[in-house]
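Next come two complexes, and both contain chain A; in the first it sits with chain B, in the second with chain C.
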Partner chain A sequence: MTFKPLNENDIVNTRTLLHEAIPLTGSIISGSYVTNAAPDNIKYYPHGMFQTVYDYPYASSSANHVFDVTCGFSSQSALVAGPNGMETKKNNIYGQMAQLLVGYNATGSVQLFDEDGNLFDPVGDKMKEIFVVPFSRLLVKDEIKKETFQMILDVDTHATTQPFTNTLTISDLGASNEYRVNSPVGEYGILYAEDNSSILDLVNHGNADRIKTVDSVDYLRCGLIFYQAGIAVLTGSVFGNLLTTPLAGATSEIFYNDGSNDLGIDDVFASSSIDDCGSSLLHRVQNIQFNNTTELNSTVYFCRVNHNEFNYSSNPTYLENSRVRVKTQSTDEPVSYITTIGLYNDRNELLATAKLSEALKKSPSTEFTIRARLDY
Partner chain B sequence: MSYFELKDNDVFINTIEANPDYFFYIHSGSVYLNNHQHDDGNRDATALGVDPGHISLFEYNVDRPLSERIYPFITKSGNKETFKTVSKTSWNTQYNYDGQVIAGSYNLSASISRETMSSPSSKLRALRSALNHYHFWSSSFEYSNYQSDVTMINIPSIFYGSSLKKGQVNLKMYLEGQLVAEATDENRRGELVSNNVVVGTVLYDEGILLLTGSSTISQYGTNQTRDLRWIDFGEHMFDTSNMDTDHLSASFGLNMQGVSQIQNMTILAKAPEGMLNHSNNPTYLQADVKPLEQYHTSSYEYIEKNRKVKNVVHSEQAIGEPPFQKETYISKICIYDKHRRLIGVCKLATPMRKSEAKEYLFKMKIDL
Partner chain C sequence: MGFLDNSGDIILDVVLTDHGRMLLAKGDGTFQITKFALGDEEIDYSLYDKNHSSGSAYYDLQILQTPILEAFTNNASSMKTRLQTYTNLELLFLPVLRLNDSMQINETVTNGPFIVAADAAAEDGNGGSSDQGVAVTEDGKIRQGFMLGESLGGTIIKVDQGLDTTEVSPKRRLDDDLKETSYILQIDNRLGKIVDTQGTLAAFDYIDDDNIAYYTLDLGDTFVSENTNDTKDPKEVIDGPRGTRTEFRIQSSMDLNTSSFLFEQLGGTTTLANAEAGGAGTSSVLFIDTNVRLTGVKTGVMIDVPVRFVRLA
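After this line comes the complex of A and B, so read on.
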């Protein structure tokens, strides 16, 4: 065994971005695991502040946490709360999410979610009623890849037989180049709803600066996606006045039926429990998909074996009858076989070993650069 | 936020040794892992997306049909990074220039496998060095013992970690549900012993069992009389071809423990008395004074109104405010490197109230 010091030109750090495509079809979210009234893959809690979606019945050890769903509205919202005491919880949810995701203003007040990310604008474009979807860290990994998030929602009237006849596609259009950095939790992008089949009310609620037109298709802002935090925030208006036919609760414009009542989106936010509110959203998800990113850091050690180095071995098996085993005549070239590279620190303590899949024959007539890569 | 330097005695690294226990039961061509029944999925043929008797790496695509599975991909770039399954030739020829996606797949699985040989195969020849290495424990590892009729059982390392645990490998053979033979490495030197006879060996680090016992233990079968020998262990594992109803009489059990070492770093962070009693958080100050709204300004000066620290001292009395003391709530501890770059955050489940008179020692652990 021979030591050879590595100099700074022999060590290089690299970073690789590994991505995963994450499809979350609506069939995972609702419908596949219903044995009784409640789906087995959705966990409801006694506190009723949010619900958790798993990809398999959550009592199974194989189930993976997929995302949570909750909703809330700001105390500045015009909604009038119903009698079931949900207002405080929904205000708290909104406040907690806003503290976390958009922080405080200069006076120490919690800021409101803003459709275009302009938090200094005190009045315009505030999202006061929101659905929040925090995705599992298992799926998000280091971050959601920008401009890959897509969610397809059913925005037709409540239907029990044929859902997804009228859908809205929401995506973080153009976010690769146009993301915001003024959040305490990192970068975020703006979610846009695509105006397919003219279902968005671009006339009344889409003044020019709220509409984005790409390839002659109009898009309307409807939420935010926080990439490192892995949280999507969706305005409640996506089922309300952003649509040409808001799901307001009239006879043919029902957002949700809680078993006995036909409710509009405002009724659900104001009066229904957070669990009902979340369930109503889950039943309207046709598909969610995004790509995640994992940073793989590597250090590559270039171990340079010159022609006049490492040609002998101190292994006991190198000698036979006090003669070098691989030499038959004294004039033969010395030969060794490199099997392992040990990486030592400056105190000569062994830190890592790299094994070659097959031994490398080394003689004075050959030179190698062996590339040992350490991933972490 | 205050910085404290960690001293030598504040950081130490332990190694935890875990012994994962696995039981494989082999019957009629099927392998059952830890006695788990095959779990049919609702949306896919199997819940885990791998064949019965296999372990699923990451258990990622649970009950997902092929078209809906999560898959990894990287973008081809000058770094020349790719998946191990993509050959250098494919990388050079099939993904155009930079920017094209190279996709992989999940639902990687592993299980035990069985191979029989009447003369040393290339795999057995490759194990010759390993057998020599174990030879000082027992002459049963002599390579010449494996020249004919050897059954090799291969256990992938995902099941055991760094090595099989000595003394914890146990093989059982059953006929019609009755235990007829058992072999263990009770001597902890790699010999599989059944009725004081060595019937095989265990290569602990490699996760390989080599069975050589060829004497008849029992006979079974109605269509045809068959011998049951140790080299028949695991017969028809994952392979139902040439299997008849006689084979259903025999079943096999393999129980083993592994050795898996996990390095664990413990960091002790002290919150000394008389320190860490001030916070720069906005909520640490009373909110009734708004610095951007309540200030004095003239041609010569700009003076913000003084803000008071909020009194959060706990009191059992409902009436009256308790005497002011500087108190904070410690909610998280951050670890920085020597360049003051944040490298880790430890959050407390419940914030700890820190008054000037109190001191705490926080013990943080992280698996390396």
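After this line comes the complex of A and C, so read on.
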């Protein structure tokens, strides 16, 4: 007999979650790959709806897609776009993202992004101007692991001589125990900003009702992270609120300079192109990190090799003139060596194989259970 | 007090074969693992040294040092030799497959393969209208080792199973455990198909992703019969107890029969004697070399039969 049937007690299905740490340093995102002041690893498109960040100059086949950046504001926003403000495109981006990530209300209208996920709260905490960062499926895999997302952003005035002196850490604080499930794209958590420099008075900038205090540290609600979709949404107001008053040593609340104009955050949303909006954010990223999750479904086949089984071989070298080489006389124990497991269907078709790292001696005095795991 | 050895449970990561992936993608329910087998194709048992001067612990030292390759994903390349279960642990002899070329109709070309003439022109110059055919002599007899791939005549491939040893008399019956009753035959489906000695086409079980067709041939059908000859006989190649016999011919595929495309892609050119008067003439032919593999389902024994397909250049 060559084949041994597997019965229902020999096959078991398991599910394992694998996690990988994904660190994205700011130097990859901006500054490392520059030719003539233009980044080689950021791809801009003629349609101008978003830009794509790669981990290497994108013309190279070695480059991997890391994430995209875009921004938009709702038609309900108080902002009025300037002449280059691409208002329609920004409205479209907001509408698309809201439709996808927040969904519709009972009347079929697209709902606005809400800072705390309470979509029935009519006022106050709607995010009408947003940065959207969809991460590549290559990094996210099946989903972002809850309470692992962190983004550190520079909150100094634009073009300070020493960037990243004052930073803001944005994270999904406590999300493993507190997340929302009322999105059409699965679970999402609330992003909170922590002032690392202790120079930004979060509470006294009119943010008191958006503050969560943990261990005497104030955290400001500033966006949402959609775990299965792998998309982070940041409210533009996080910068607006923090930078309303000039930082120490700065003379104005400059969020971005588009080459000719110093712009505040509202100006960027209103009058800059989507590409410039994205660049304004990318220049401020010091670090992004999260853990991804891969859902591994496995079937384990318990190949039970009993003492009286598989002791002979059909290997041509096993015989010399039909005589078993490993025996001198018939009463000697037969011996064989296992190197490979083959898994078959009823039609004897070889569907899967597994190899041992070294030959395993099999004789009537030994038996094994070999767990062959097939991952999907 | 030492720890107990807990190494009895071995965990292995399995990879799907290319054929397995194909069946998985089909989604028709054929991807259902129901049994397993164990292989040992890297092992050279001739390294087993029963007479090692340092004792039995050293008998298999070289075998255990054999490096093992990672898994091949080509289904036809893996699990070529499998471990066997026999309830009788005192077996000293095991069956083999031997090509029986003891009769003229079963012979290969001298020191060569079986040759299949792919079309009528290569067989006999389209029924004798030309003398360029390579499968027949000038007097119309089929040459040794040649099969007629179109008209299905000529040499019959015959494979015998049994204990090929003079230490056991052929008078002894082969144990039922050792008598093979079913064979899997593999042939490249682009090149040929299997027919019985009467020219009846066999039905294949399936064709894998590499175009290898798999046929099951069972005892009692027109391909497999019991070898009841228990005498010492020059027509037998199995010296000891005999089991079953498989006989078949090969029909050339439609592609080889009608086109030289595959010959140019997979083969080469050579010359073969043709049917010109005087016996000295040769024809230039295109050829493809391949193997037909016959494997015993019960005993796992295997033989590769070399076959050459030819067509006039």
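Here is the rule we use: the second predicted complex is superposed on the first by the 340 of 376 C-alpha atoms of A that agree within 3 Å, B and C clash if a C-alpha of one lies under 4 Å from a C-alpha of the other, contacts with A are read in each partner's own complex, and residues count from 1 in each chain.
As a working rule, contacts are C-beta pairs under 8 Å (C-beta built on N, C-alpha and C of every residue); 3 or more make two chains touch, one makes a residue touch a chain.
Note that the structure is a prediction, hence the values are computed from the model and not measured.
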item: Simultaneous placement of chain C and chain B on chain A, clash or fit; value: fit
item: First (chain B), second (chain C), both or neither touched by A:S336; value: second
item: Chain B versus chain C as contact partner of A:L263, first or second or both or neither; value: neither
item: Winner by number of chain A residues touched, once chain B and chain C are compared; value: C
item: Partner chain(s) touched by A:N64 [first = chain B, second = chain C, both, neither]; value: first
item: Touching partner for A:E20 - first (chain B), second (chain C), both, neither; value: first
item: Chain B versus chain C as contact partner of A:L234, first or second or both or neither; value: neither
item: Chain B versus chain C as contact partner of A:Y33, first or second or both or neither; value: first
item: Which superposed partner A:G108 touches (first chain B, second chain C, both, neither); value: first
item: Per-pair minimum CA distance [chain C against chain B, superposed on A] in Å; value: 5
item: Where chain A meets both chain C and chain B, residue numbers; value: none
item: Residues of chain A defined as touching chain C within the complex; value: 1-6, 11, 299, 301, 303, 305, 308-331, 333-362, 364, 368-375
item: Residues on chain C engaged by chain A in the complex (per definition of touch); value: 8-17, 19-20, 23, 30-46, 48, 50, 59-60, 63-64, 66, 68-73, 75, 78-79, 81-87, 89-96, 163-167, 184, 205-206, 208, 214, 240, 296-302
item: List of chain A residues in touch with chain B within their complex; value: 14, 16-23, 25, 27-28, 32-33, 55-56, 60, 62-64, 104, 106-108, 139, 291, 296
item: Complex contacts: residues of chain B adjacent to chain A; value: 39, 41-43, 47-48, 59-60, 62-64, 68-75, 79, 81, 282-283, 285, 287, 290-293
